[in-house]
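See below for the structure under consideration.
Naming follows writing order (A, B, C and D), and every chain is counted from residue 1.
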Amino acid sequence: MPWQPGDRIESAEDYLASLRGRNLRIYLFGELVDEPLDHPLIRPSINAMAATYQLAADEPELATAFSSITGGPVNRFLHITESVEDVVAQNRMQRRLGQLTGTCFQRCVGMDALNALFSITFDCDQRHGSTYHQRLGDFLEMVQSLNLVLGGAMTDVKGDRSKGPSQQTDPDLFVRVVERQDEGLVIRGAKAHQTGCVNSHWFIVMPTMRMTEQDREYAVVCAVPVEADGITYVYGRQSCDTRSLEGGDLDSGNALFSGQEAMIILDDVFVPWEHVFLDGEYEFAGPLVERFTAYHRRSYVCKAGVGDVLIGAAALAADYNGIAGASHVADKLVEMVHLNETIYGTGIAASHESHQTAAGNFENDGLLANVCKLNVTRYPYEIGRLAQDLTGGLVATLPSEADFRSSEVGPLLEKYLRGTDGAPTEDRLRVWHGWSRT
Amino acid sequence: MPWQPGDRIESAEDYLASLRGRNLRIYLFGELVDEPLDHPLIRPSINAMAATYQLAADEPELATAFSSITGGPVNRFLHITESVEDVVAQNRMQRRLGQLTGTCFQRCVGMDALNALFSITFDCDQRHGSTYHQRLGDFLEMVQSLNLVLGGAMTDVKGDRSKGPSQQTDPDLFVRVVERQDEGLVIRGAKAHQTGCVNSHWFIVMPTMRMTEQDREYAVVCAVPVEADGITYVYGRQSCDTRSLEGGDLDSGNALFSGQEAMIILDDVFVPWEHVFLDGEYEFAGPLVERFTAYHRRSYVCKAGVGDVLIGAAALAADYNGIAGASHVADKLVEMVHLNETIYGTGIAASHESHQTAAGNFENDGLLANVCKLNVTRYPYEIGRLAQDLTGGLVATLPSEADFRSSEVGPLLEKYLRGTDGAPTEDRLRVWHGWSRT
Amino acid sequence: MPWQPGDRIESAEDYLASLRGRNLRIYLFGELVDEPLDHPLIRPSINAMAATYQLAADEPELATAFSSITGGPVNRFLHITESVEDVVAQNRMQRRLGQLTGTCFQRCVGMDALNALFSITFDCDQRHGSTYHQRLGDFLEMVQSLNLVLGGAMTDVKGDRSKGPSQQTDPDLFVRVVERQDEGLVIRGAKAHQTGCVNSHWFIVMPTMRMTEQDREYAVVCAVPVEADGITYVYGRQSCDTRSLEGGDLDSGNALFSGQEAMIILDDVFVPWEHVFLDGEYEFAGPLVERFTAYHRRSYVCKAGVGDVLIGAAALAADYNGIAGASHVADKLVEMVHLNETIYGTGIAASHESHQTAAGNFENDGLLANVCKLNVTRYPYEIGRLAQDLTGGLVATLPSEADFRSSEVGPLLEKYLRGTDGAPTEDRLRVWHGWSRT
Amino acid sequence: MPWQPGDRIESAEDYLASLRGRNLRIYLFGELVDEPLDHPLIRPSINAMAATYQLAADEPELATAFSSITGGPVNRFLHITESVEDVVAQNRMQRRLGQLTGTCFQRCVGMDALNALFSITFDCDQRHGSTYHQRLGDFLEMVQSLNLVLGGAMTDVKGDRSKGPSQQTDPDLFVRVVERQDEGLVIRGAKAHQTGCVNSHWFIVMPTMRMTEQDREYAVVCAVPVEADGITYVYGRQSCDTRSLEGGDLDSGNALFSGQEAMIILDDVFVPWEHVFLDGEYEFAGPLVERFTAYHRRSYVCKAGVGDVLIGAAALAADYNGIAGASHVADKLVEMVHLNETIYGTGIAASHESHQTAAGNFENDGLLANVCKLNVTRYPYEIGRLAQDLTGGLVATLPSEADFRSSEVGPLLEKYLRGTDGAPTEDRLRVWHGWSRT
């Protein structure tokens, strides 16, 4: 029996079904998207998210965990860490998904936001006597039970970056509370480039930086259903994004999977109190950002998984070129592995060095997570440079798939683009094109 | 009076006229291109080449030289260097064109090939009693008089790179002489990713590597008209290439200019003897490649001109973000300038350290040119990384121009993507989008 | 009661006592060293080793472990790892000792050799029915009970590095068995730059590389007492080594502590069978080297401890210069921390990712350990460069302590070398001079 | 006939003679130096300076120039640049001397100071109607005629670096005018780590930074004889400096040549007006520093000459190790050459891009000179790291020369430190030890 609204999502197929017919207001190329699931440019990003469900089925020890909240197994992306090993296991899962999708699978932001919020709400309640932690617990039980995708919405558009939220000429350049009602509050503003938001069921709105007393109305955390009234999504462009619209699967490189970034515009969205997890306690904005980034900056070990794909592709390309045995090839591959494992090593070290919070969950080391982040902002560029060195100029100037499939010019390309004997020319092109979208 | 075939090209407009109606066999996306001049994806690359004519008009001291061959001024790209300052002036012109176009203007290969060939033909004649040098002189007089674009065609497709030309399973994987006739010879093979070939009037076929006696049939140098019988061009894809087909000018980044790389397939092309400049003297293949690369590896100072555009854009983006005064911004800009000037410095040093050849023209220092080349393969990646650091994530995830122009979602983007007061949002987007195609 | 030969070493003082009067044959500057303990150039290296005993007393949870072999606490440097946390704890101890001594404390080689040998002897016995593992256990019980320092002796002098042990013109260029007797075997050869050997009680002789059947006589592992007959030590020079002979404590930089490297020349040294742990099983030479280097390459996290000292010194020097608040200073310190923690992170990640061997002890991840090693060969240079940038030229050109102490020129230096008001000039010099020997 | 005071210095021998018996007040290790020429620690630095005279004799086209001031040939280090080629020739001479001495030959500061001052005095006279330019011309004629060594004295000790000269608690922390008399002025203060000052005949005192009206008394430029009354020199220490005192020539590495840095303390030194070239015109302090550093920052191409020595030594060491043919060795040597030539290329590019000043001499490009300087602060560390990678650990831990010469332990070292057959062990040690003092 197919998945119905309200059912627990049991599989990748259920997940796909759960996205259909939500009537989201998504703009792309100046037009409303009818059904994202059927849009060739959006679909690869949904496939990548679906891989997080598939892995839970295929390798449950990697992608699920036992939750004390529901008393049963839950997808690890929804799990509140109950041990150091739980934090480490996130990293192992992330690297594997990086290898499987070769791109961003978009579900880490929610995982990291939930775990940061778990201890922040606890600490806030201790200080202010609020009841945010219990509210969050109830919300968690619901999303774990239904196995939903939870996104995060943190990065405000920020306007003039030399000014704080309350100093901007337009007060809406950071998300803020514009009204408080009996049943809840109303928020307005925009969050830039939100990973996987269109593919989520809920997202958590969070402040983007340390705040002062003047910024009180900006210190708001809440959960919002993706299909809530008042939300507009504007889909972000990515390099070579329209290649997925061309048909074929060579030129699009990573044809099956992609990431997703969209702007979320919140035009007076109502949030009932039970989904509000911070409201004006501005002094917790900074710690929330810190704890979230502590988790998130070692979540970038996913890029080591993507790096594995790139390194493998570079090695295969060298093989097709007949130079796999050359010493400079081995040197470059070793260097690529070294850089890639340095990213992974610093990230997983941060996780291994976790400590328990007052709220009881486990949080990784913040310094090492920042080190991982700095490595992620540097080494993939160098790995990419070495990969291009290894494979040669054709990666950047290949003829189109349509030319290769053409009955007129195709045979000429088949003849002239061959590598070593026995290596199918199409396979060689496929490896080279892999660069387009990783 | 408009330019007519056979007229000297006097201006950028003449150049554009000279390209029309040539009936080249060019494949792009599996179809024959009707008229490249009118093709929105190809036209920006023609504009970039046209800039080399425009600069000769606007700044003749930079982009023209006095030629002893014609006894008058010629475009510097066609000039045989008669002094050290001539070699240096090439670099100054290249950096300026990099700044003006922000991309590859495609005319250096021919310039470097002519100068390398000038001394090689002289040396070969000395050894073998051949008359290549005089033939080349006659050819030069013609192209200088008519002010034509001359391309180079060096990089063979190479097949299995562990094997030499004559060892490949398919003997055509390096361009070779397949027949000799009374009037000339016939060549077959393919040259990969040839810069600006479709925008040229002639190109020089050259061997791609050192050769042995077994490779004698592959040691061929000759000039071929772009519209010669038997040639098929397959246009290479570049990142974000189809954005120029979308209309608008925001998303395409560098909307006016682009580079061009195409594969040239030579299917038994006849070349008369007067255009043959080497035929079987295999021992000159290596020296020709060496001299060409000596010139060409310091021609990459054009990338310092492109770097100037990027550095300026990054500084402007920081300004629009309101962070121009932050110390980390200044540090990053200084580092970008340092890397960019290191590319330029090592290149122009190579030119300043030129020596006169036996043939009488001037050739730059080869070691420093190689140093320049190594810097070019490293620093632009680092400059790009720093630029992205400076401008932030939106560069990579901006909504489309169509969304920005939309009457529905456009006003929301106008509101939320503003930076400092007074900075037009569209200008800010334009700077950010500049990354797409540089 | 003072320590007597045969007593267990209970303290750093006992350790110092245990070294006295051993009559080792040590050459330094062409002369025999009378008593290393009293030699001002050697003593700082003994102090560094003594710190490993002191830490066991001061922070037992860090520097001791419970040994199943003796059934009691042992110094962690002698401990066979019984859990993942045991492996991780080695790294924590190493970083702390790096901070405390600012140099190499020399006791890791033995620790890593013992743990590698523990599983190798087990595997060899499984294959060959030998009894090496039990012999090693007996030896371990002895060194743990007496709390001795165990060194390693691996790096052969190697001669012509393009040739293997048995191919050298002089067969002694790798340590080999020259005779087998009823009671034991006799070895000859030399081990280059052996860390802390003169400060040890025993050392383990091990092969330095993978071996073939022809190298059978070179595949020998055994334990040798430092004072055994036939051994000559030649003390290695280090940069600025004689500053410790000058008196004073400013110019010598790290005046209290230093590392130690000496050459061990084995001139037909007899080893009884109970101390032989491999003899001719050449196929285990490679695995032994691999397992030892797996342990040892993440032991280099000690350098992160030394880095902590350097970073702190650089920050203090900037403070004395009055520029602690400058943004470029903060940027450089952050970069130094980043590089230093990358070393630590990749090392401790290797330890956290340990697995159990067939023999039952725990061994860290080899790939991440190699990554740590590569980082150690790169980043300390960069950290040092940044530190020198921060502190300025005087670090490299300071007048001597004797000038500073001089009644004639001293007051002038006191006047002219002052920094910020209130910072004692001597303290400033001391920080600057810290570079001399770290 | 030997050189007599007042004679022109015609040779390196004359130069050595000119230094003898000057009764300078030099402190080293807390004691007055009797005769620097005979001091084994100082002598190598004198030898390096003497090499500038020797090169003028051996290769006059490189190290001499025709001076319009004297109407005859002068040592290039004293020459006012009269053409672009003059500026470039400085760089060629500097690289050669770097190769010949393997260290700092100390004569560039004076050369760069004279050329900067030549245009500054001209500009100042134009503004203020002063007569500094003529004074400088007279002084130049004298030093050129006698062929003297001219040093520079720029770097003040600076105290609290967050404060300017006039804001320091002790007003003497920057050199200043303390009195003006009929015949001249009196200066007080100290200049830190002045290159080659003890080996000079005169030095030019210059301000160290941009100055304001409050710093008027600090804006002083003048020429001072090295033996003037009131000067104390305190000799700076360098790494491994005392090895030259040990006898032998192996351990001292670069046994013949070294650099020199000393502190100059000016205790009320009188300077007659004819040697004063700026006095209170504070607005020229900044431009003087800028022009001096423009010249000086590309003078660092000498380090490319030192790099040549290091690269050659590393290649030779690899050869002695029997691994000259290994691909990783070639890769590292290529990388070292690349980095070294990048230093040279950016420096000589700055010189080639010189322009004529209003005063008529030629000044190099300032931006490229700064680029050269940044490369010099980075690449030698990386070149050194690669060299050490190539040669192995023994470089850092070699036994002493005394051990090698010892009749007891020497033969053992001879046996065990040999490399490839036929490579003398002593030569191998000599190459390895070359690191000690380059």
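Here is the rule we use: a residue touches a chain if its C-beta (ideal position, glycine included) is under 8 Å from a C-beta of that chain, and two chains touch if they have at least 3 such contacts.
All figures in this text were calculated on a predicted structure; none of them were measured in a lab.
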> B-C versus A-B: which has more C-beta pairs touching?
Replying inline: A-B
> Of the other chains, whose C-alpha centre is the longest way from the centre of chain D?
Replying inline: A
> If you match contact pairs by residue number, which of A-C, A-B or A-D shares over half of them with C-D?
Replying inline: A-B
> If you average the CA atoms of chain B and of chain D, how far apart do the two points sit, in angstrom?
Replying inline: 44
> Rounded to the nearest whole Å, what is the centre-to-centre distance of chain A and chain B, using the mean of the C-alpha atoms as each centre?
Replying inline: 39
>> Distance between chain B and chain C based on Cα centroids, please, to the nearest Å.
In response: 56
> Which chain D residues reach two or more other chains?
Replying inline: none
> Contact residues on chain B for chain C in the complex?
Replying inline: 327-328, 331
>> For a test of understanding, state which residues of chain A touch chain C in their complex under the given definition.
In response: 88, 337-338, 341-342, 344-346, 348-350, 352-353, 367-368, 370-372, 374-375
> Any idea which chain B residues touch chain A in the complex?
Replying inline: 27-31, 155, 157, 159-163, 169-170, 172-173, 189-190, 192-193, 232, 234-240, 242-243, 246, 251, 261, 263, 265, 267, 321-323, 325, 377-378, 381-382, 384-385, 389, 393-394, 396-400, 402-403, 405-406, 408-409, 412-413, 415-421, 436
